[in-house]
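Lettered A, B, C, D, E, F, G and H in written order, each chain numbered from 1.
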Amino acid sequence: MKIQPNSKLLMIGDSITDCGRGRPIGEAAFNALGDGYVNLINAFLTASSPAARLRIINMGVGGNTVRDLAARWNSDVIALNPEWLSIMIGINDVWRQFDARLQTETHISLEEYGHTLEGLIRTVQPQLRGLVLMTPFFIEPNRSDPMRAMMDQYGAVVRELAQRYGAILVDTQAAFDSVLTTLHPMALANDRVHPNTTGHMILARAFLKAVDYVW
Amino acid sequence: MKIQPNSKLLMIGDSITDCGRGRPIGEAAFNALGDGYVNLINAFLTASSPAARLRIINMGVGGNTVRDLAARWNSDVIALNPEWLSIMIGINDVWRQFDARLQTETHISLEEYGHTLEGLIRTVQPQLRGLVLMTPFFIEPNRSDPMRAMMDQYGAVVRELAQRYGAILVDTQAAFDSVLTTLHPMALANDRVHPNTTGHMILARAFLKAVDYVW
Amino acid sequence: MKIQPNSKLLMIGDSITDCGRGRPIGEAAFNALGDGYVNLINAFLTASSPAARLRIINMGVGGNTVRDLAARWNSDVIALNPEWLSIMIGINDVWRQFDARLQTETHISLEEYGHTLEGLIRTVQPQLRGLVLMTPFFIEPNRSDPMRAMMDQYGAVVRELAQRYGAILVDTQAAFDSVLTTLHPMALANDRVHPNTTGHMILARAFLKAVDYVW
Amino acid sequence: MKIQPNSKLLMIGDSITDCGRGRPIGEAAFNALGDGYVNLINAFLTASSPAARLRIINMGVGGNTVRDLAARWNSDVIALNPEWLSIMIGINDVWRQFDARLQTETHISLEEYGHTLEGLIRTVQPQLRGLVLMTPFFIEPNRSDPMRAMMDQYGAVVRELAQRYGAILVDTQAAFDSVLTTLHPMALANDRVHPNTTGHMILARAFLKAVDYVW
Amino acid sequence: MKIQPNSKLLMIGDSITDCGRGRPIGEAAFNALGDGYVNLINAFLTASSPAARLRIINMGVGGNTVRDLAARWNSDVIALNPEWLSIMIGINDVWRQFDARLQTETHISLEEYGHTLEGLIRTVQPQLRGLVLMTPFFIEPNRSDPMRAMMDQYGAVVRELAQRYGAILVDTQAAFDSVLTTLHPMALANDRVHPNTTGHMILARAFLKAVDYVW
Amino acid sequence: MKIQPNSKLLMIGDSITDCGRGRPIGEAAFNALGDGYVNLINAFLTASSPAARLRIINMGVGGNTVRDLAARWNSDVIALNPEWLSIMIGINDVWRQFDARLQTETHISLEEYGHTLEGLIRTVQPQLRGLVLMTPFFIEPNRSDPMRAMMDQYGAVVRELAQRYGAILVDTQAAFDSVLTTLHPMALANDRVHPNTTGHMILARAFLKAVDYVW
Amino acid sequence: MKIQPNSKLLMIGDSITDCGRGRPIGEAAFNALGDGYVNLINAFLTASSPAARLRIINMGVGGNTVRDLAARWNSDVIALNPEWLSIMIGINDVWRQFDARLQTETHISLEEYGHTLEGLIRTVQPQLRGLVLMTPFFIEPNRSDPMRAMMDQYGAVVRELAQRYGAILVDTQAAFDSVLTTLHPMALANDRVHPNTTGHMILARAFLKAVDYVW
Amino acid sequence: MKIQPNSKLLMIGDSITDCGRGRPIGEAAFNALGDGYVNLINAFLTASSPAARLRIINMGVGGNTVRDLAARWNSDVIALNPEWLSIMIGINDVWRQFDARLQTETHISLEEYGHTLEGLIRTVQPQLRGLVLMTPFFIEPNRSDPMRAMMDQYGAVVRELAQRYGAILVDTQAAFDSVLTTLHPMALANDRVHPNTTGHMILARAFLKAVDYVW
């Protein structure tokens, strides 16, 4: 697996990452990783490779956009000195443009999104051994749905940044899309955003495959 | 307005109708109409025509399919002797086929749906002065979404039954569709099923227009 | 309709306006408008004219008098830069003189009421495109009831200020009076102050008619 | 005082009597008399005449009309063998005609009221040493208010029955009226029905004066 | 009655006075007088003499000793400018010596008690129109019980101070003693300190008699 | 110790025994012995003699009198086949005569008490290996207090029955009395009935000494 | 994978299986599978093979022993007609002998365990397409710990029955043992019985490997 | 007994000591000693020697290590001026190394443990009349269990410090070990750390024997 033994992996994001994690730090020692994909990844790694001593920290915060990440980047990422970092952000950046269409001050434009995310990467990368970028997603198979279409644009930015900075890419949207040929979104998430355990397993598997984890 | 003064109007359906109504009878006297479209219709009618003395009873039950309506038709409709009746059912009949795809015993086929609904209408119509049939809906503008496509089929059954039995038709799906050209579903209902107050206002307006209510 | 597309309308007042709104800002984006007339007005406008993009903000606070409005006028009105503003205040200014008759420091005299309200109007009007003044009300048909009589005096001040400053007047008392010829106050509000949904619909209709809203 | 030492006094009525009493029997032994006039009367009698050993039982039930009293008369009055009985009923009999105007099956007509109440009296009087009839009341000084006007009619029935059956009359409406020349109803009860402690003290005093209690 | 119309009467003390009053000020306007003797006195005075406009403020705090009163005397008494003041303190001063016998820092000696209470009186008396001193009490008929014996000593201090400063004395212990010839303490207060409604009625009557209230 | 290894000891009584035990059977296996003297006795015996395998069952019920014990004797004692039995009953039998003085139907006379208790003993003794009778108590050093005086009479009955039937006597009143020469009742129980942990330790010690437990 | 497409797999057991599942049937449709290994297995299978349409039902009940399974075998297994069945039982059968050592009626001997479990298998096997037997486990690496030693005996019975009846064996104890060479039990379960997510992942993996699931 | 009459004994430690004590000071006067061994010791001493006037203060805090004790030593020990002090610390110092193996910053090495504990002793001893050192414990009879083995090392440090500084030693591990020859750990504590009442009684007895308490 790409992540070296004894590494500390910090995973940051929004409510999909957060999932009820402990505060101020969400960490496995006290079962405080929440109950989403971060918790599943930790369970996988500890169950199959306990000797690797991988330490996972969940720093997701519900409702966050990339602008919120920037505001807490120093305290919540830099200061914690992770060797590995994963970022999954952008869902709220897009969502607010549809469920809060008149509150334009809460909207994060594609430009601000890309610019800000790139800035965060540049700040942190020098101190990392590995970086994982996870695309945002919308559990909606209809690519012409305006919110799905916009989410795909934001996902493209992540894909591009992964390439530019040599990060590992986790294409979460693709992972969901392959299941959506069989399942209706209602079988994964009523609001097409917050997945049930099956949806989090899809995320965890996509992450683990991207880091060459062997089952 | 088509509904005669001094009438009792019973409104039956699923969670969209229920909306936290009082038990066992949901009635305005004690603010027990719930907080959905039934409550709004009552407020409209009382505010603008208090002298008409229209009595509204909410008999919605969350999660109900047409099969559930049949099981409680005698106690919850016939025995209450309404002069007017509105029915909005079918959302769960369709939904279970997508969010509980393997639990086939909870699915209501198009055939069972039409057959059962027609039976209910035939049983009650002789004692009514007026019948209102409201189509089920799915707040999804993409007509090729499988759940929307299936909902349209169930709605067509309602449209046909309204014509066959001379009932007033409320095409709730059409009412939502006209707003969805401007608004994304996320602005009305996260799960595209349970609307916010704006969505209930759309339902109430559609109903009131169908009965020739004058604002 | 008089309110221009893309306007931000701020509605301020006491508990009738508040109705459990979100804090610190009550706004429709997250269903935080409370469940009173403000919420109904928003639902009306969004349901029938979604393209007008009217943004409504509820800044009501339960128990407020005009003296309380003055204390938070800068932070809760001026700083939020509304294009339109509605004010409904005065019920507590009068009420305290009857339910807290000995706590005279909580009473707002007619003079203080008029003087303060006029000051608030003068401060904010230059930055507004439109101002709506709603009279306070008491759901009591007996005009010789002392509290109703006093409320009418405070309402007269509002009527006069509306004329002097060219504001749109919403005569809420008149709206209730026309229904009270048919309904006893007990059918609208046990305490003759806090209305049920029918009462809030009466307020919403009065407001919408005053701004030439077309149903 | 008219009530003999060692008597058991049962007080029955609606929510004004109930006031959160214990179930199934509300009795002072375990502080289960509720917190209304019944509790105050017990406190008065025990504090000033503990040796008289007067036992008070509260059998009020919120929402009751005289029709409800009739349905539980055997179990809740006859079977408990009181020596003295007080009855205060009628507020809901009238109230429903105003706050539930369309639910006519909940209205108790003046005729049914008088007829039923008289029947109850005739059934129980033979086993009593003393009977106290308390009029219903409405804390509304305006005698032309329709609900007050109707309450006065029901009160007149009580007055007449008291005379016909030699019962002690407690004119609660008169007791409130004398205070209402100074206080607005808002100082006693927001809904003009459920009094604060001052209102319950007015009821207790009226009762105690009627039975010649010496302070 | 000795208390002049339009007076403000502030009543201070410990949990017997407090009884769940509102914070920061316990006042009748909003039913915040608690449910003890203060509330009863207010109900008496308002019910029988509403025109006298007596304003009562409850400033009791559970657990207080005279040392605690001194610490909040400025904010809770002086700053509120009462015309009349009642003080009932001393129960905890004594009690702690029996239920917290080893925590001697919580004990208030007879000397500190008298000295502090006198200081409070001297500070406030110049601004008062009337002062009422209520003795502390212990609902224990056995005068040789050590806690009763000590309470009698503290009560004697109050009696002496009332005489020295011309205050009205309310001998609450005597009021309870006269009832205890008939009733066991268990009929008034399980812990012989916190009375039920009957016990509070005893306190209210003792106070009202002392100020020549006419029933 | 008198209780043989491998015995089952059932302890029955009122709230002092109950202390929040599990239902329907209060047993140590699942920490369901409550938190009173029964729990302490179990902890003592298990901690110092785990090999003795003494099984303790708590069948106390709050509020019980000897009349209540009789009503559940078959299901709660006989059917459970204990080898040893302890009974502590009588506090409520006496208490009701003081805190519910007018509810005479709840009073258990000395005669009924003795007669009933003796009947229970005669029914169960043939199947027992050992019987322990614990006197009721009142944590009141003043022997002329009427409730204490009456409790002593009931205790005398227990003492006499212990002698007549060869039972082991636990004189709980004497155990408390010896401590009350130093401590005021307030240091053990605010209501002089329900002890704190120190009081339960006194009960546990008295029991253990009576069965010759060696520390 | 050994489990055929379109199969219904019922998983029965004790609290490790239950994990807060829905009642009366725990099924994935409404996220009612609990949050233990059953839920993880369902997430795995749905995420990677949605087209296989495997339906999983969780019928675990906390605290159950094999004796409890027998009592509900007809209603909870036979009547639900599963094609596949997994059983994991025995932990409480052993545990009670250590934490409730004196309550021998709750102990399930090795003989009763084997006999009963075999009877259940024989009753259900004819109607199954596949049977999975999971050993009970104790997360204790010290094989000479008496509870671990006894658990190993019960596990041996399961191993033997799997062979005799051609069932698929899941050796959960072996799965835990291999991790316990690296991790202390405290890293998996404070009480060495109820695992955290890592422990449930170990169970899920062991199950999936046994049925030849391909990741 | 070694502890002199009128002494104040402060007991500090982790959750075993804390057990839900009052805040900020846990003291017997208001039943705030928690429900663990500290409470039992107080009950013993007060029940059998009330005249000795021993005052016990519980300053345990759940989760504490010796590093946490150092951080609050001044405010929680020195400033409270105890005559006697007991310390039981070390369980979490060891535990974290097993249940939070990757969070090495929470681990307290044997060296830091001994060094810090000795520093605390040296700081406080000059102002004490007596010091009691209680070893940490792990309710695990298998001495080769890694956590037990490590706990024994930390216990050895306590034993050595007790000798070096002339403190009274309470060997809690030995006390548990003698019972564990008969009982499985599951009969005392599910997690082998937090004991039930029997376990706390074992701790209380060990303490009391060490200070020569006579039963």
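We take it that a residue touches a chain if its C-beta (ideal position, glycine included) is under 8 Å from a C-beta of that chain, and two chains touch if they have at least 3 such contacts.
Since this is a predicted model, take the numbers as computed values, not measurements.
Enquirer: With respect to inter-chain C-beta contacts, which pair, B-G or G-H, contains the greater number?
Expert: G-H
Enquirer: Using CA atom averages as chain centres, what separation in Å is found between chain B and chain D?
Expert: Roughly 45 Å separates the two chain centres.
Enquirer: Find the geometric centre of each of chain A and chain F from their Cα atoms only, then give the gap between the two centres in Å, rounded to an integer.
Expert: 63
Enquirer: So how far apart, in whole Å, are chain F and chain H when each is placed at the average of its C-alpha atoms?
Expert: The computed centroid separation for chain F versus chain H comes out at 33 Å.
Enquirer: Out of chain B, which residues touch more than one other chain, so two or more?
Expert: 28, 99, 101, 183, 187
Enquirer: Just spell out which pairs of chains touch, all of them.
Expert: A-B, A-C, A-G, A-H, B-C, B-D, B-G, C-D, C-E, D-E, D-F, E-F, E-H, F-G, F-H, G-H
Enquirer: For the complex, give me every residue of chain H touching chain F.
Expert: 31, 33, 35, 39-40, 42-44, 46-48, 50-51, 179, 182-183, 187, 196-202, 205, 215
Enquirer: Using the touch definition from the top, list the residues of chain B that touch chain D in their complex.
Expert: Per the stated touch rule, the residues are 27-30, 53-55.
Enquirer: Mind pulling up the chain E residues that touch chain H in the complex?
Expert: Going by the criterion above, the answer is residues 96, 99-103, 106.
Enquirer: In the complex formed with chain C, which residues of chain D make contact?
Expert: The touching residues are 95, 98-99, 101, 142, 144-147, 183-184, 186-187, 190-191, 193.
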